[in-house]
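Notes follow once the structure below has been shown.
The first chain written gets the first letter, and so on, giving A, B, C and D; residue counts start at 1 in each chain.
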Amino acid sequence: MLLTTEDYRESLRAYNPTVFVNGQRVESVADEPLLAPGINGVGVTYDFAQIETSRMLMTARQGSSGKTVNRMLHINETSTDLLHKLEAVRLVCAESGCAQRYLAHDALNAFYQATRRTDDTHGTEYFERFLNYLHMVQDRDLALGIAMTDAKGDRTRRPSEQDNRDAYVHVVERRRDGIVIRGTKAIVTGAPYMHEFLVMPCRTHRPEDRDFAVACAVPVDADGITIVAKPAGRPGEAAARFSARYGQSVGVVHFDDVFVPHDRVFLDGETEEGGFLTTSYATHHRHSCIGARAGFGDLLIGAGALMSEANGLDMARHAHMRDAMVDLITITESFYACGVAASVYLTEDPAGCVMPDPVYSNIGKLLLATKIYDMHRLAHHVSGGLIVALPGPEEDHNPETRASLAAVMQGRPDIPAAQRADVARLIEDLTASHQGGWYSVISLHGGGSPEAMKREIWRNYPVTDRSEMVSRLLDRGLVDQGQIPHRQPGRCCAKGCEVPSMVPSAAE
Amino acid sequence: MLLTTEDYRESLRAYNPTVFVNGQRVESVADEPLLAPGINGVGVTYDFAQIETSRMLMTARQGSSGKTVNRMLHINETSTDLLHKLEAVRLVCAESGCAQRYLAHDALNAFYQATRRTDDTHGTEYFERFLNYLHMVQDRDLALGIAMTDAKGDRTRRPSEQDNRDAYVHVVERRRDGIVIRGTKAIVTGAPYMHEFLVMPCRTHRPEDRDFAVACAVPVDADGITIVAKPAGRPGEAAARFSARYGQSVGVVHFDDVFVPHDRVFLDGETEEGGFLTTSYATHHRHSCIGARAGFGDLLIGAGALMSEANGLDMARHAHMRDAMVDLITITESFYACGVAASVYLTEDPAGCVMPDPVYSNIGKLLLATKIYDMHRLAHHVSGGLIVALPGPEEDHNPETRASLAAVMQGRPDIPAAQRADVARLIEDLTASHQGGWYSVISLHGGGSPEAMKREIWRNYPVTDRSEMVSRLLDRGLVDQGQIPHRQPGRCCAKGCEVPSMVPSAAE
Amino acid sequence: MLLTTEDYRESLRAYNPTVFVNGQRVESVADEPLLAPGINGVGVTYDFAQIETSRMLMTARQGSSGKTVNRMLHINETSTDLLHKLEAVRLVCAESGCAQRYLAHDALNAFYQATRRTDDTHGTEYFERFLNYLHMVQDRDLALGIAMTDAKGDRTRRPSEQDNRDAYVHVVERRRDGIVIRGTKAIVTGAPYMHEFLVMPCRTHRPEDRDFAVACAVPVDADGITIVAKPAGRPGEAAARFSARYGQSVGVVHFDDVFVPHDRVFLDGETEEGGFLTTSYATHHRHSCIGARAGFGDLLIGAGALMSEANGLDMARHAHMRDAMVDLITITESFYACGVAASVYLTEDPAGCVMPDPVYSNIGKLLLATKIYDMHRLAHHVSGGLIVALPGPEEDHNPETRASLAAVMQGRPDIPAAQRADVARLIEDLTASHQGGWYSVISLHGGGSPEAMKREIWRNYPVTDRSEMVSRLLDRGLVDQGQIPHRQPGRCCAKGCEVPSMVPSAAE
Amino acid sequence: MLLTTEDYRESLRAYNPTVFVNGQRVESVADEPLLAPGINGVGVTYDFAQIETSRMLMTARQGSSGKTVNRMLHINETSTDLLHKLEAVRLVCAESGCAQRYLAHDALNAFYQATRRTDDTHGTEYFERFLNYLHMVQDRDLALGIAMTDAKGDRTRRPSEQDNRDAYVHVVERRRDGIVIRGTKAIVTGAPYMHEFLVMPCRTHRPEDRDFAVACAVPVDADGITIVAKPAGRPGEAAARFSARYGQSVGVVHFDDVFVPHDRVFLDGETEEGGFLTTSYATHHRHSCIGARAGFGDLLIGAGALMSEANGLDMARHAHMRDAMVDLITITESFYACGVAASVYLTEDPAGCVMPDPVYSNIGKLLLATKIYDMHRLAHHVSGGLIVALPGPEEDHNPETRASLAAVMQGRPDIPAAQRADVARLIEDLTASHQGGWYSVISLHGGGSPEAMKREIWRNYPVTDRSEMVSRLLDRGLVDQGQIPHRQPGRCCAKGCEVPSMVPSAAE
């Protein structure tokens, strides 16, 4: 059953998690103003699955069950699925800045691959367990938080060498009916207003660290869980044209001897497969990030166009303004194109699902990570200095200054000063506030640092194919100049696969 | 019938064009050493259509005739066609640097669109004429040169205002059986060793300049044609590891009262459609350029990997070398991804063919235009200063210096000095020679300057969709905070089309 | 007499300006918490003139009076003066982020030049008046706000064509004893806590707009002045490690028929000299901005080094971290170097003072304007995602979460978690908050937009010298190859002056 | 005695070096056409010391002798000396592209420092020897080649571990009257047409490699020396408007048991001081490179302005053209500014001479190294595609094509086609030819790779000062908010020296 935003908000009342925000215990997550923008943001993923014009993108048919599910909970089977997911994420993020729920999608797809692989290697039965869990999640249309990034402690030591073993979540006891886990996950997006957490390792572990290779699912209010979170967005701030409505909370989640029954354990001690799960999640997630930040780009492009219009600047006459807009478009669409290419040149997984191409996914994420700062710069360029010099909205109601300020705020005569101020505050909110700072940092480090992308690009790129192609060119030497008898074409897609075998996936 | 390189070279003997190179009249194009690298380059497009592993990419079924034709002469009908063309161009350019013949593809597709459009508007019969011509070209597997860029003269005046009207090719006489054209095309790739020229305008003309809105086909040796060309590549230079084999000639082509019979005239005086033809050609061509320069990127990636290997540098230990390689990959694949996205988000033309998305095509071309310089820089970064300090190949045969130089050239003990020198000379040839300079400038200005791309991006991007989306966000105001009742999702692809209607073209 | 911070704060009690902040009237500027960070910031310029180790930089001998004055109020006479000013601004901004008071310096120097020039052309007596005013300001060590940027209204019309003439400050009445001015200045840094405003035009005016060409000085509490300001920094926010102490207010200042006696009027109707005043101020100011942002760079470099240390990352092993730090240094020092070069290649003014070179001043400002975004990116790169994921400081006092959070926050074992959190919050404050957004936008647009810099660079650069030099090279042709008889060296400094005449100014 | 170009050319006849170019033995260096452009380039440094308007820059008074010497052979004593040297190098390189002889300056200054330091530590007498040598070189106004970069062989092994010890120059015998050296220097600029070589190590050596720590001077025609060189520039090529006149040869120099008498040995086995010599040379040299490439920038700026003029493009109307010119100026002057700053913030050496600041010198060199590619791009941007499409100069004399080509080449009516072609060929020569490639690679790798600069910047930057400054800020905490009692200003120049002690050197 597909929920609406209101269904989702109501459903949160059935849970009673231990949540602190700004040092205060939250009584009711569904009613907490400091969390409302976060719930609204997640809500977009529910509502867009209901609305006629977006339903086709925001829902999909789950192959293993034949049921129609929310796109954010769907396992991808085709190139078109990947492309639809990318578009869907862009769509919801152009409304909400960051709709958060695609992380669930990314993790579910990675669990699908990893549990199958683990069973194939170790003869375990994780895949069946996971499939049951997946269908339950889809049927109840749940919101899942991804608890992956451990606190890590001393970066020079491995998990089991830490003074404080709780720096990483790990298994402390294995019982007949399940396992007990303990430790801290440091950065969990949307933690307070999720239904469940998917717990997974944040790195490959060595065999001696096998207790740290654990993946499972737990409800947010399981005994022993404490969530310490930041407010979502800028709730209650009058100037926050955007982030008073939509935002994201991020939380530290402590697991203090939390029991997990066997049917919710999807990995326990298989260190190599834990690494595969992490990497596979990273690839799906980076692909989704591309869609998310493209949606953010859409917001900036639209807001920039409105602002320069209100300033009375004609793009045709002011070449440097048009240039800045074209740069903003070029940045947004060029990293988005990497997401499209990753959808076309997919990887088929033995589990029966597909994964976006890792080279293009990592390149797209790498580009957005560094270029988000240029996007802010360009938005500022087309907006002018007003966005930080504008007196606050409280002045709008000050009888002694209101009239004179309105006169000052007027730009183009036919656009009301209030409208100009509104757009200016929106751009400040998106790019020159805490919310703007959050977008920067999360683009840079979320889903892995630029260094992590670079390693994945290098690890996956068919460099040898390229150097062999050049070697063949040189080997022919100059003797055959003018008579080139036997040529062997190289491979030319990023994956390095034979060309013919790659194309059908896009063409089907 | 599909030709081989040898068939093609032989076929040139049937023509007797007036060609000058370096101030000398060329007796036989097929035998002229100064043109051999150019013929070899074109030859790759013939041979790769014969070789088993590349045939699927390099050939296609022409819908209007049902025949199998060379991909470089094919009219695209699907997203997969566009993707295959892109891959095919990358493949031939990774062998030859620039295979030249894709310009024919770009022009043929544009003529297909423009002749149909002209007929629809003016009741002419160009489309039928053109279709006959197209089938003849495909059947004989011809090489076509594109004569578009006029000499232009004084940039501040329109064609009919020029002191020297021959600065633009134009119709000087309309006879019962055809037209007579006159003027100069300044930059025609591969001019001397083509079978025919496709003549077309290089800009939109005003009604008073209708004599300049002419498109037609003429054999290279038609009466009145003179070709003044540069040598192709660096023929005969011992150090030119690459461009002594492959290169491109470029020629100035004078049309001195050349008669063209009616069945080869495809536009005569329809100024608006002439502009459409030019723009449409530009879009197809920029899409092809993306594939071409990605192939060049493949060469640099391969050569860079070989060079750093010969220098004995381990990428795992030398992070800055790996970073440079990853940058080179990122540049190449990110502009290539724009070509892929342009193939997925295609435009359907009323003529029954498809055109790549203009926004993504122009962004991809814009990126490669400016980043070719970074590609050279990165290739130099990973190669070291040796590539310009290395004594010339003549020293390899100097008994007094050969032995001592070989000792100097040795890097990693297990890689022969001669092999290291070979790679170094290849990189110099590709990036630090006349050939390298040519790649730079042609990437920047070929197919239009960066400013031209920017205008097309701005003209085609759905900015209004974006600003309307943001307006709706602002209009809702803050009253509905927490209760978002009626949302209207925006559009999210670059084309600005409704999302559902856009996807099928990729998914079919 | 040189004041201390406390003297300065006390001196504000002698004024009673009409100030609104967040819609509320401010009773006592000196005691208003929302303005305290701004007063602290200005205070740094006072205290550093008292402290032994900085006194030499922060004070100077005023040539026209022989007295020792605060560097921020000094008229420059030598290259060393310019260099000392640059260093002094860097020093105070490395403490306070932005010490605000250098704007007074920039304006005073421009008034010094412009009043002399006006007298020379028009036979007026502004220079003498201004000198008296200057000496009074220096003697009382005042803080001056610069009221330059008009509200502007409809950007497509000139001042006298506006529907609302008050969009620009202008003379509404000329009395026997003075003038009356009216209108709005939109962006006045530090407005509420200044002693006086220097009013000046923000552009060159046409003769018909002569009423808008007015420059004068008025106390902040003159009759008819209303100030609508934003809070300075982030006063009272627990997480604001930096900007709760230091910040900048910016205000809209309305002049509602304010009377100015003649001895405080320094320009009235001389439109051309008004333009010179604006341009000259811009050059001094852009030079000062270079020092200011270099001081900000120092903060980021220091904070980045502390953060990566606390994370336990060794720069020697993590090449990408060291690279990011080197990039941050390179950006900061390369725009600072432009400030140094502008000091060396100065312009001597007929008034007897000196102006930094406009080309280097504009280049330095242009670089910092666009690269501030890269500085934020690099600071985030070396800091990691923690800076936005860290729960707020309120949690530090929450007994239920304090202990477990401290464990999570621990990085390198020998660095307390609280210290790591402190640095993380400092970096968030400087780069990912409203304060960070303010630094971005003010760097980009403060002192003129990038487009304004580019125009000044183009206007002032000796392009003709360069093209003449190349013409001479070409004219010699190839005839003299091997025999180069008569050469005429070109000019080579940015100013295009003869080399020998330029050097002494640096060398004296 | 200061020589003229002709004196210099004649003086070369007194030497009889063993030189090979393109596999052929050169009979007379002074008369060899393949080397003429190199001799012309060096000649500029001689002639400019004679010409009235440049004499002041190109000569200097040597403190140790009181004589007037060529600036390229002078030991710097003041900030003004450093600034004059920078200007002088810019001046000669704006004429010749690269005047080569500043390498002698860089090495002589480094030897001056290193020999004094070695004497102080080891009680040797190198300084006195070197001073005598220096005075002889100055008196005879010699041209010196710098033989530093060893062949290196296997990069993973140190010199004494190489299979082929001759990969590095080293002492093979120590005789009573001198030493015998052996090995290969791989990249010696201007090798064939120098009078002497200064031999020096290219890295710090370990004590066990002491035989490789050798520095000395030898005539180019000493017994046992063989030079294998490339031609200088593009001698004899009709299209080479610039590099047929000016160019640089680079040579491999083999030392096959060359005897060096004691009075020409300046280091023998002092490994640590050998490293100091290398580093010190690198700093002087990088500072000089800044001047050299700024001169190259002057050429491109001038040529770009001429080309766009000939194309008939008005900078005022074509904003993107003006933008490109401003970018070219900004790049050139911003790295040049680093050279100015390095001159101002100098280091005083115990030997009594001065060294430019290493941080600014390395930053300037790092910037030019990577931005030379952008300079090429911008030159191409403003020039258009003509520069590579233009038929060769041979066509200018072809009676069948000359007239029609001239018509094609015409742009702006009042600028002759031949003049436009001339500029186009100049730009091709400088940026899109072998010569252009050489400028790229030598900018990137000459004087050390970008990675080497980054290490020096990191090693020399006062990061600790910065982090201590921030620590003090944080330590004060929030308790003193509003009352900042005891502040300690930080240091603020790149050197990290106390501010007052730094300024006098610029101000004297």
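Definition applied: a residue touches a chain if its C-beta (ideal position, glycine included) is under 8 Å from a C-beta of that chain, and two chains touch if they have at least 3 such contacts.
Everything numeric here is computed off the predicted structure, so don't read it as measured data.
When the partners of chain A are compared with those of chain D, the chains appearing in both lists are B, C. Counted by C-beta pairs in contact, the busier of A-B and B-D is A-B. Chain centres here are Cα means. That of chain A falls 37 Å from that of chain B. Centre-to-centre separation of chain B and chain D, using mean CA positions: 39 Å. Shared interface positions of chain B, defined as residues touching 2 or more other chains, are 320, 323, 454. Residues 5, 36, 40, 43-44, 47-48, 51, 53-54, 56-57, 78-80, 83-84, 87, 90-91, 94-95, 241-242, 244-245, 294-295, 298-299, 301-303, 305-306, 309, 315, 322-323, 325-326, 329-330, 333-338, 340-341, 344-345, 359-360, 363-364, 366-367, 419, 422-423, 426, 454, 457-458, 461, 463-471, 473-474, 478, 481-482, 484, 487-490, 492-494, 498-500, 503, 506-508 of chain C touch chain D in their complex. Of all the residues in chain A, the ones that touch chain D in their complex are 319-320, 323.
Within the complex formed with chain C, the chain A residues making contact are 20, 22-25, 151-156, 163-164, 166-167, 184, 186-187, 226, 228-230, 250-252, 254, 311-313, 320, 370, 373-374, 376-377, 380-381, 384-389, 391-392, 394-395, 397-398, 400-401, 404-405, 407-408, 410-413, 428, 431-434, 436-438, 440-442, 444-446, 449-451, 454.
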